[in-house]
Structure formats: structure tokens, C-alpha cells
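Naming follows writing order (A, B, C and D), and every chain is counted from residue 1.
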Amino acid sequence: MAIRVNPKLIDDLERYGAEDVQKCYHCGNCSAVCPHADEVFVFPRKAMRNLQMGLQSKIEKSLEPWLCYYCGQCSEQCPEGAEPGETMMSLRRWLISRYDFTGLSRLFFRSTKAELAAVILVALLTGIGFFFYGLFNGDIRVYDGANAFLSSSFVHYFDLGLAGVLGFFLAANIFRFWRFTMSKAGGLAIPWWLYIKKIYLLPWHFFTQKRYAECESKRKKGVFMPWLVHLGLMLGYVTMLVLVMLFLHKLQAGPNIDWSVHVFAYLASVGLLIGTIYMLRGRFQKVQVQYQKSHGSDWIFVVLLFFIVMTGILQHVLHRTGFEVAANISYVVHLMAVVPWLMRMPFTKWSHMLYRPLAMYFAGIRKHVLALQKGGARPSWPGQQAA
Amino acid sequence: MADRKLQIALYWAAACGGCDVAVLDTDEFILEVAKLADIRLWPIAVDGKYKDVENMADGELDLTLFNGAIRNSENEHLAKLLRRKSKALVAFGSCAHMGGIPGLANLTNKEEILTRAYLNNPSIESGSQKIPQPETLVETGKLNLPQFYKRVYKLSDIVDVDYFVPGCPPAPHQVKAVLLAYVKGELPEKGSVVGASQLTVCDDCKRTKTEKKVKKFYRPYQIIQDPGKCLLEQGILCLGPATRSGCGVRCPDTGLGCRGCYGPAPNVIDQGSKFLSALAAIIDSKNPDEIEKIIADIPDFISIAYRFGVPASLLQRSMHK
Amino acid sequence: MKECKIGVYICNCGSNIARVIDCEAVREFVSHLPQVTIARTYRYMCSNPGQEMIAQDIKENGLDRVVVAACSPRMHERTFRNAIQTAGLNPYMLEMANIREQCSWVHKDAAAATEKAKALARAAVLRVVNHEALERMSVDMCPQTLIIGGGMAGMTAALELADANQRVYLVEKKALLGGNLGRVDLTAPYLDSARDLITERITRVRNNPNITVMLDAQVKELKGYVGNFTAAIQQNGGQQKEAVEVKIGNVVVCTGYQEFDANRITHYGYGKLPNVITSFEFELMLRAGRIQTKEGKIPQYVAIVHCVGSRSQEFHGYCSRVCCMTALKYVHEIKSAIPKCYVSDLYIDMHAFGKGHEDFYRHTLDVKTMFLMYGKNEHPVVRRADPGDDCEMFIEVDEKLSGEVIEIPADLVILMVGMETRPDSVDVARLVNISQDKEGWFIESHPKLDPVATTTDGIYIAGTCAAPKDIPDTVAQARAASARILARVARGKIDVDAVFAEIDENYCSGCRMCNELCPYSAIEFDEKKKRSHVISALCKACGACVSSCPSGAIKGRHFTDRQIYSQIEGVLL
Amino acid sequence: MSFEPKIVGFLCNWCSYTGADLAGTSRIQYMPNIRIIRVMCSARIDPTFVMKALVDGADGVLICGCHPGDCHYSEGNYKAMRRYPLLKKLLADFGIEDERVRLEWVSASEGQRFADLVNDMTERIRALGPSRIRGTLQIDKNER
């Protein structure tokens, strides 16, 4: 059955940042330099071809965009300036909007203004909400303990609620991600036990991101900074998330410092701080390829995160130094950034934090099945005999 | 040379005798001959034994008209003998000139010929079929017959010939001319063809000729001829264009294609292939199959192209080693 | 056997000959042949020192015949003829033995090759003994030129000659000048209007007093030879007129091409699907200024299919050379007319060989043309779309760069039909006696060194009648042909080869066997003398009459029976 | 050593001889048994040449001209085409094997074809053995 091409797709993708795909004339240099391209997952060339031809159904099925960390070597090698790296990036954006059933991410990716508006709206609502809640239920001069302006327990429950909502959206998107890539993958009969057998890939890639490091394996002298920073940022972020979700009362408690949590908090802050600054710097200097063309959503992502980190630190410092009123205000401001930031999670770049490791996981499974098919053996439960 | 009469001999080897008759056909001129010359040997007309010839001194004869091809040992013996005894030896007539009709025998072989003649010949009484042998013993002694050769040779294959008088037979007026010329000592250089034109039969042929294209070949009886028109153009095979003139257009005038008895034109080394070359060129077709069909109407082409000249053909012309 | 002094020269051709053939052995061998006075070998016989060596030997040792054993006579016969001529020998006293192309280059076995070289050299020696001094005749060169075909090539050639004050007869079969280019809108890659190019030519041709334009006319017959042709031109205009006879010295054939008939291919649905059209039908649309479907709708999807009839096994094997850039030109014209239109371009290979073409291609990439590659001898299939779809048709094709079988939406499909020879090119070839290759294009006398001349002296070819080509190449050829003609006209006289047939009237009996055979009717029959006679100037020396003369009265100069017999004896040593 | 036939090739100048040259320029190897004689057109090839070659010791004769319709002299090759069957008939009657004489069309672009042709013919004639014509023409006393 012939696949129907969609000539319009390439125009659509331009909104997601793929502006030079059409320049590609398929010399294949990009696939040659890419350390991750192999006989099963051939990219970026193949992906670019599918995009040029608007083979929507094929792209939806593909895991390739997620296997790319945008080290930028392909774009450096490209003789036509077709920006394979940026194209993969744009494909990731497009895929995110495909996985998302609400259509919000499509809206955000296609229009930075819309996203900005949404962020501001949510921020204001949050600000007003928390401010008046504080005025009625607490004392603005008290930061912590009884009669606190914003009691840790309240924020804690608020967080949990928020987490629930986000969890739902994320789960839904991830399910769609799975359907597109694995169930609709076509031709591949994937035995359920493989999901268990390969599950270890998930945490492994999530916490090490070693594939990002592997990007440098082919380069004469590897540039490992981006990987380290990215790792630090990500770990910092996760740590902070965990702390906020579970140990908020300990964090907020003061004035004395509870080192059992704060040691982690400080480390996380450092990671986040370095990460965000590094990224901003990169995006301003535009030396590395991956930072040269930043999509609006990327800016919002970084700037917002940086703001969160700064305000977080600020309210912490103010609190410990006894300026409780200022601390409370900066706390509200901090939340004004945090909430929209979290709200964005399932619909924007942020979600790659989950999609990536999942993609590695699925990729591992697919490869295994293909290997089995090549070997002629029917996939079977490790224990039993292959018939 | 009036004081001494010419000493001449006429001999027939493998021949039909037509050449001798052609000499007689010079009518009263033969009496002139008798006046001019002593006829020392002429088996068909004058009594004479081989012994007499053998007894002659070498070169005693002035002129020998030798007709007939060399078919057997007797022919060869006499050819050599007469060569030795004659000042001038003339290959007289097609057989001596080119092998003639007997030469067609070279298209088969000795065995077949003898079998056909003495064993499978319907006119032989059954029981008395035997092939004659060179030597046969009878109570009176040993009988000898000339040995029958494997091939027929033209005279010049066997001995060195001074002049060639073509024709089957040579036209009487040519014979007369040649003899007179000889008497007057007006013969051209040794080895040349005399008693014939250096042009071809077409030159003397009265039929009108135009540009030629032939789509189908006919045997003379197959069509009503246009008497004024070139026979080839009517599809009748005529060797006229490839044959020396001199005969007086005997055959074409009677509506038969020229037989080619006078042999090839002066600049031509093989009469048959030259005729082929010309004939094929005028076949009016570009389609191989059609061409095959057209030439299929030509029966036994080789005997047409080389009727009088198989032994003289390039492919059978003997080479002295 | 006549006495003569022969010099034999064996060329090593660097190592081309010497690598395989033992030239020294050949020299040794020929030096013992009768009548051979000198035998030498040399590195490059065709080099100046080589030629001078021969010339010197001729002068010093009174050689009267020369044999050169080297490359093919088609390569250097002329060179060595000139060489011995400068030394005062008749140029026809030369014979070449081809021991390179037909020996050292085709045989590895050194011993066998050397034996063969000896045989060939011996044949040449025996042949040259029978050579005769021949005199070339010099005839007047008529300065007028006949040009067949009024397209870009024809008009350009005509103007070039006319501007040099030479008379030109320009014969066009159709009722108007301009040819195929007259049907085109813009031209690639600079997008300037073809109409402008053509009209400029037409007006100049029309206004030039030196050019006689004959429209709706055809050349019925061409008699004569270089410098002295007579052409009979039939003008069909109105009531049946007499054919005009003109005297000309040279002919330029510019009969052009015709486009491939798309009806011959079924799988594109041409003729059945209303919106599948050929490039020329699209040109009409462009010139009308409105790109639309048969239903008058503005197309949203346009698909362009390359190599229709070209580069395929069942139709034409060759590339038509102009279609790729024309297709890109269409992309530009479509995109500028309908910016929202999506154009997909189905090609086999993108041939952008010419000046400015690669940039043109890149530019087309930038406007987001969907380039799709399909395989040689595979055919995209066009089918009507289903009611639900947002397009008229779909093209199904196995796309090479993705390896996917895909279907492309299209409202308008443009078939880039290739070039092919005109059906009457056979008659033209016969008329002016030039040959055609297996595809029917006229053959040049040398594909690289002599691209506008033909093997028939005085007949030139220019433009697409010789092979598919674009406008610059066509113009260049037309001008090249004119330049060649002007150069000859300037000399005023021309030497015609001394090799021709002659009839010895002392042996011709007027059988008229030969009369019919001459393809140039060079043999006339003298009714009074009853003899045939060859008009030597008309004779092209094929020798058909020579071999067919039953009385051996016709002599083919330089290819006489004796010469060939001796050659036969020679090779069979 | 095996019998090496001698083959005489009569080639027309415009197509076949040029084709043979092309085989050379393209370095296409073929058997060295052929000896080429150039004539302007296959129409010039007189059957007498063929006989002459056979008599002078050729074991085979190859005649080549332009493909029908491609003749440089427009129709010369048809004349060769017409002579050929009649010549074959004649040669057969003279007892000459069919394979010894062959007419083929070789265009200026068919270098490979020419090489293949020569190889094929050489092989056939090698298999056929030497021509006997020359021998039978010697007058040998006791042969009579």
C-alpha cells in the first residue's frame, strides 16, 4: 500500500523550526557522522527525507528524533546548510504536539505569543490566588510555622493536586506516544515480556544520559561540557521536584537549617543554576550549533527556569536572614513562575525528559525483536524453549 | 616463305570434333590452305600415324592447331609431342582454351564418371559391366588403353601455348583470319588470344540495351521474347556482357542467351565470378528472402557461369609447382 | 613488373605499437621484399622529425613510393600524403598499413601480432607497387548556401552567412519561421522570453536582402557535389508552382526535432485523464498567461514528470538534455503565478550540466519543490483520485531516496516529453546523402573534432537534428557551420578527391550493366558511341560499378583490381 | 601446435573498417588471424576477390559492410547482399565449405560486435581445418 505524501507538512514544520529541510539533497553525510545512527535507526537523513516528502504517518511512528541529543555534528557536516540537527529538534517539537491530544502544545509551538500569554495568565492567577489566601489565612510577617503566610502543608497539598492533574496529562500523552511508536509501529509483533526484560533501560538512560556522552565518541576531541551540564541540570531538577513534593515542610522550616534535606537542595540549586546560566549564555553567544536557532518555546523554557531558581534562592535567603515579609512576597513570585512552568510540562519541551528515556527503552525493545526476526527465532520468554 | 610450304598439323584431344568441322566450314578456303600448307597430321581428315610425328625433327612443324582438352594420358602425350615438334602451338577452340564442355567433368570425379559410363549405364547389356583398365591381358598379348585422368586440364596446364583461338567452335571467318594472319606473320605477341575481339558480345549484339533491373529470371522457352530487346533485361541469362566477342553473336541472335564460349574479356581473370558480380548487382530487390527466391530460378548456376571454363576458373585453374 | 623504389616506415607510436609488435623484426622483414630501398622504424612517424625523415629519404634516395606502417589511414593518411607531397611525390604514391588500431591495440600475443604486422606491411608494399600518380581536380566553389529548416539553428546560420554578404536560401517546411523554440514561453536558466529571442531572429532574417526565405517549401532534389550543388525546391503555396532550381555550394541541415508522443505511454493516462498534459501544452498555457486545470480551476498540486520517452529501454535510450532545466523553469513560473501551489518533481537524475544550471536548481530547492527520484525503466502511474480527496489525481511511484512506495497528490500533471527525430529525417538523410545513427540523429564526420561537418563533403548539420541540445549549443553549432562554409567560400576554389571511377572506352561494350547501379547517377551512356562514361566530379568512388563491370572496363582509381589483388597476395604470406 | 587459420577481411571504409578501428581504440582484444583489406564500400567487393583470396591460401573470408539502410553510398551494401547468396551457391558447387565465406553488417559503433565476429569466425574455421583448394590445384603427376 502506497503511503500518501502530504506536501503541506514541510510548511507546517517550518513553524516548529525546520526552516532548511528542503535544502537537503541526501548526500548522507549527516547519517555518516551521527554516532547514534545504526542499521536499524537510520537518521537524520532518512528522517529529513520523510519530512521533505511529508510522510506524516511514518514520522509519527518514528523513534529516531528521540534518539538524537542534538550534539550538532550533523549540521556542522552538512554541505547544503540543511540543518539536520535543527530538523530533528523540530521533529521532536512536532511529535510532542502529536502525542498531546489537547492541541495545546501545537498551539504553543506554533505561536510563542500564545504560550507567553498563557504563562502570564496562569502566573497572575497563581499570584492573586496565593496572595489573597495568605492575607485571609495568615500573617504576611510570618513565613513559617503557625499562622504562616503560606503554610507548607497548604502548598504541599496544592502541589499534590497539581501533580495529579499533570500526571493525568502526561500519562495520556505517554500512552499516545506508545501507541504511535510501538503498537502502530506495524509489522512488529512485540511480546509483552520484552517490556519487562528491557525495563532497566528506562532508569539507566534517565539518570545517566550516557547516550548524550556517546555523541562525543566520534569527535576528535569530545566536548563533554553540554552533557555534564545537562545531566546536572536534570538531576538538580528531579531532586528539587522530589524535595518539594515530599519534604516541603522540612524545607520551609527555619530559621535553622535542616541539613538532611538542605544539603540536597543546595546541590540541586547549584546544578540548576549552572545549567540555566550555561544555556542562557550559549543561546546569547550562539557559538554551538544547537544554540544558534532557538525556538520561542526554548527561550520561555530557559528563562522561566532561571527565574524559578533565582526566586527560589532569593526567598530562601530572605527567610534565613529574617526579612520574612520580603521572603513571603518573593515566595509568591517564585510560585507565580513555578505553577505555569509546571502547567507547561506535558505540552512542551519539558516532556522530553520522559519521552527520551522512554524512546531509548522502546528502541531497545524494537531492536531486540528485529534481531530475533533476523535470527529466525520466534520471540520467546527467556525461560521457555524457543520453538 | 613461298619456296617452302607451311608444315601444319591439326589434332583433336578430348573434343567433339566441332572444331575440326569449323575448319572445314571455311568452305573453299580449305583449298587455299591445302595450297599454302602441307597438312602433316589431321586425324579427322588426313591419314597419319603418331609414329610419323614422333619421327619428325623438333620444330619441324610450323603450326599446330590443337583442339580438345586433356582428359587422358594419350591427350597429354600428343600435346607434349606436338609442342616439341611445332614452332607455334595454338590452343584451338574452347576445350583447348579453357577446358570446354569436357571440363564440366571437374565438377564431379573420376570414379563417378566411370561408374556412370560403364556400370550404371542403362544402355549396357547386363552382365557385361566392367570398367576398362589401362592394361588388359588377352592370349595374343597385352592391350593398352590410355589412362583416364582424375581431372580435365586445359592445354596450357600441360604445355606452353603460343596462341589461343577461343570459341565452341571458333567461328570459321575467325579461323580463316587467324591462318592468313599467320601466313603473313602478323600475329600479336606470344600468349595472346587471337581470332576474337577485345570487346564483349554486347558490342556486336544488335539488341537495344537500357538500364538494367531484373526481378525474375526465365529460361528462354518460358516467355515470349521481345526480339529487339537485350535478353538480360528480359530476365534471360546471357553471358554476353562477360564474354569476348568474335563469334558473331551466334546464340543471342537466335534468342538464346550467350553461352560464354569465347571466354572472359581481356581484363577479367575469372569469367564466372565476374558475371555473377554483374548479374547479382542488377537484381531488383533489397530483401534477402526475395533475393533468395529470385536466384532460386537460376538452375545450376555454376554450369551457366563456367559452361566452357571450369578448368580455367580461378578456383580450378591449375598452378604449376 | 615495373621497377620502383619503395621506402617503408614503421612507426612505434611511442609504445602503442612497439609494446606488442617487434617493429625491428618487421623492418628487417620488409627490407628484404623486392623493390624496397629503405626500411626504417621511428618513435613517432607523424611527428615533424618523422615526416621530415620521410621527405629527406625521398629526396636523397629518389624514392617513388612510400609505405607507412602505423595507425589507421583514417587517422593519418592525409598527414603522410601531405608529407610526401612536400617532398615532390604524388600524394597517392602512399600506402598505409594499419598496425595499431587493427593489430597492436587488439592483440596481446606479441609473436602473432608481429606476424600479422609483417603481413599487413607486405600487403602495403605489394599494393603500392601498383599505385599510380593521380591528379586532384580543382573546381569552383559556389558562394551561395542552402539552409534546410527555419528554426533557431537555421536562422542563425543564415544570418551569419548573410552578414558576411553571402547569398542564402532558407527553406522552411512550415508556413512560418521559428521552429520548436517558437512554441516556448520563457527559457532556463535566466528566464528570458523565447519569443523575444525568436522574433529578433525572424525580423532580421526577413529584412536581410541576402536571405531568400522560402516558406511552406521543401527541397525535392539535391544534385552535384561540394561547391557545385543544384537544389530543386518545391513551394506548395497556393496553386501548384514549378520547383525552383538554385545553384549552391554548401548545405546546412537544421531540420530540428519533434517532441515524443505521450500517447505511446499508457501508464501516465495521457489522453484519458484531462489534466495530464505535455510540456508543450503547458507552454501554451504559460503563453496564454493562466495556469489552470481543464475545469478552469487553479491547481493546488502540480506534478512534473521527467524523462517521458527518454532514458528508457522501450522508447529512447538517450537523455534529451533540455527537459530537466525546462522542468525547473516550470517550477519557477508556477510558484510565481500561484505561490500557494505545491509542486512535486519526479526525476530519474537531475541533469544540471550547463552554465548557471546548478544555481538554478538550488534556487528551485529553496522554494520548497518536492523532488522525488524514481528509477530508470520504472514508471510512475497516474490515477484519478477518489471523491473524498482534495486533489484530482494521484501518482504512485517507488521513490528511490526514501525507498518508499508513495502516492503524490496532483491536480495537474506535466509530462516532460523528450526530443526525437522527425519522421521525415530519413528522407532528408537520403536527399543530402548523410547517415543517421540508430536513433535517427544525423551523424557528424567526427563526434569531437568535427561536430558540424558530415561524411558528405559540403553538407553540414547544426542544432537538434544532430542530437538533443539546448539553445546555446544550437546557436554555437549554427555559427560554427557558417564559419566553416565562409572559410571555403573565401578560398573560391575547392579540390575534389582524385579517387573516382573511370571507364576505358576501348574495353566498354555498352552493355549498360553499370548505368543503374550508380547512386549519384554519375554514369551517362553515349548513345552514339554506345559507350558508358563516368562524370568524375559526380563520382564518390564507392566502386559499385567497378566490381559490376562484366568486361572489366571500369577502373576504380586507387582501388583497382590489381591493387587489391596484390594486397590479397600480400596479407596471405 | 594447433592450426591457425588465415582469414581475409574485406571491410567497407565508412562503417566496418571504422568499427574495427573502434575495437582498437577501445582496446577490445580479438584473435590475430584476420587480415583486413579496406575498400570504400561493400559494393566494391568483387566475388573474384573472394575466390582470389581462397586460392591464395585464405582459410576464410569475412565480408563486412554497413547495416542495410545505413550505407554511406545509400545502397551499396544491398549490392553486396545480392551477390552473397549467389556466390555461396557457386562456392558450394566448387566444394567449398559454407563457413569459409561470411557476410556480416558492422556499423562504425560496433567495435565489440566486430571483435566477437572475428573470434567466432576464427573458432569455426579452426574447427573446420585448413582449406584444401590450394592443394587440389597443384598439378601432381601421379595424381592424374
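Just so it is clear, a contact is a pair of C-beta atoms (placed from the backbone, for glycine too) under 8 Å apart; a residue touches a chain by one contact, two chains touch by 3 or more.
None of the values given here were measured: they were computed from a predicted structure.
Asks: So which chain is farthest from chain B, going by the mean of the CA atoms in each chain?
Replies: Of all chains, A has its centre farthest from that of chain B.
Asks: Compute the distance, rounded to whole Å, between the mean C-alpha positions of chain C and chain D.
Replies: 29
Asks: Using the average of all C-alpha atoms in each chain as its centre, how far is it in Å between chain A and chain B?
Replies: Roughly 115 Å separates the two chain centres.
Asks: What's the distance between the Cα centroids of chain B and chain C, rounded to whole Å?
Replies: 55
Asks: When the C-alpha atoms of chain A and chain D are each averaged to a single point, how far apart are the two points in Å?
Replies: 83
Asks: Provide the list of chain B residues touching at least two other chains, using ranges where the numbers run on.
Replies: 268, 274, 277, 281
Asks: Among the residues of chain C, which ones contact at least 2 other chains?
Replies: As it turns out, chain C has residues touching two or more other chains at 517, 544, 547-548, 561.
Asks: Taking each residue of chain D in turn, which ones touch at least two of the other chains?
Replies: Counting only residues that touch two or more other chains, chain D contributes 43, 46, 48, 52, 75, 79.
Asks: Which pairs of chains touch each other in this structure?
Replies: Contact pairs between chains: A-C, B-C, B-D, C-D.
Asks: If you look only at chain B, which of its residues touch chain C in the complex?
Replies: 198-203, 209-213, 230, 240-242, 245, 265-268, 274-275, 277-278, 281-282
Asks: If we count contacts the way the header does, which residues on chain B are in touch with chain D in the complex?
Replies: 73, 76, 107, 147, 149-151, 153, 157, 268-270, 272-274, 276-277, 279-281, 283, 285-286, 288, 291-292, 295, 298, 301-302, 305, 313-321
Asks: Could you please specify the touching residues of chain C with respect to chain D in the complex?
Replies: Of all residues in chain C, those touching chain D are 72-75, 98, 100-103, 105-109, 112-113, 115-116, 119-120, 123, 430, 433, 435-438, 443, 455, 499, 517, 519, 540-544, 546-548, 556, 559, 561, 564-565, 567-569, 571-572.
Asks: Mind listing the chain C positions that touch chain B in their complex?
Replies: 506-513, 515-517, 530, 544, 547-553, 561
Asks: Looking at the complex, which residues from chain D come into contact with chain C?
Replies: Per the stated touch rule, the residues are 4, 6, 8, 13-14, 17-18, 20-21, 23-25, 27-32, 35-41, 43-46, 48-49, 52-53, 56-58, 66, 70, 72-76, 79, 107-109, 115.
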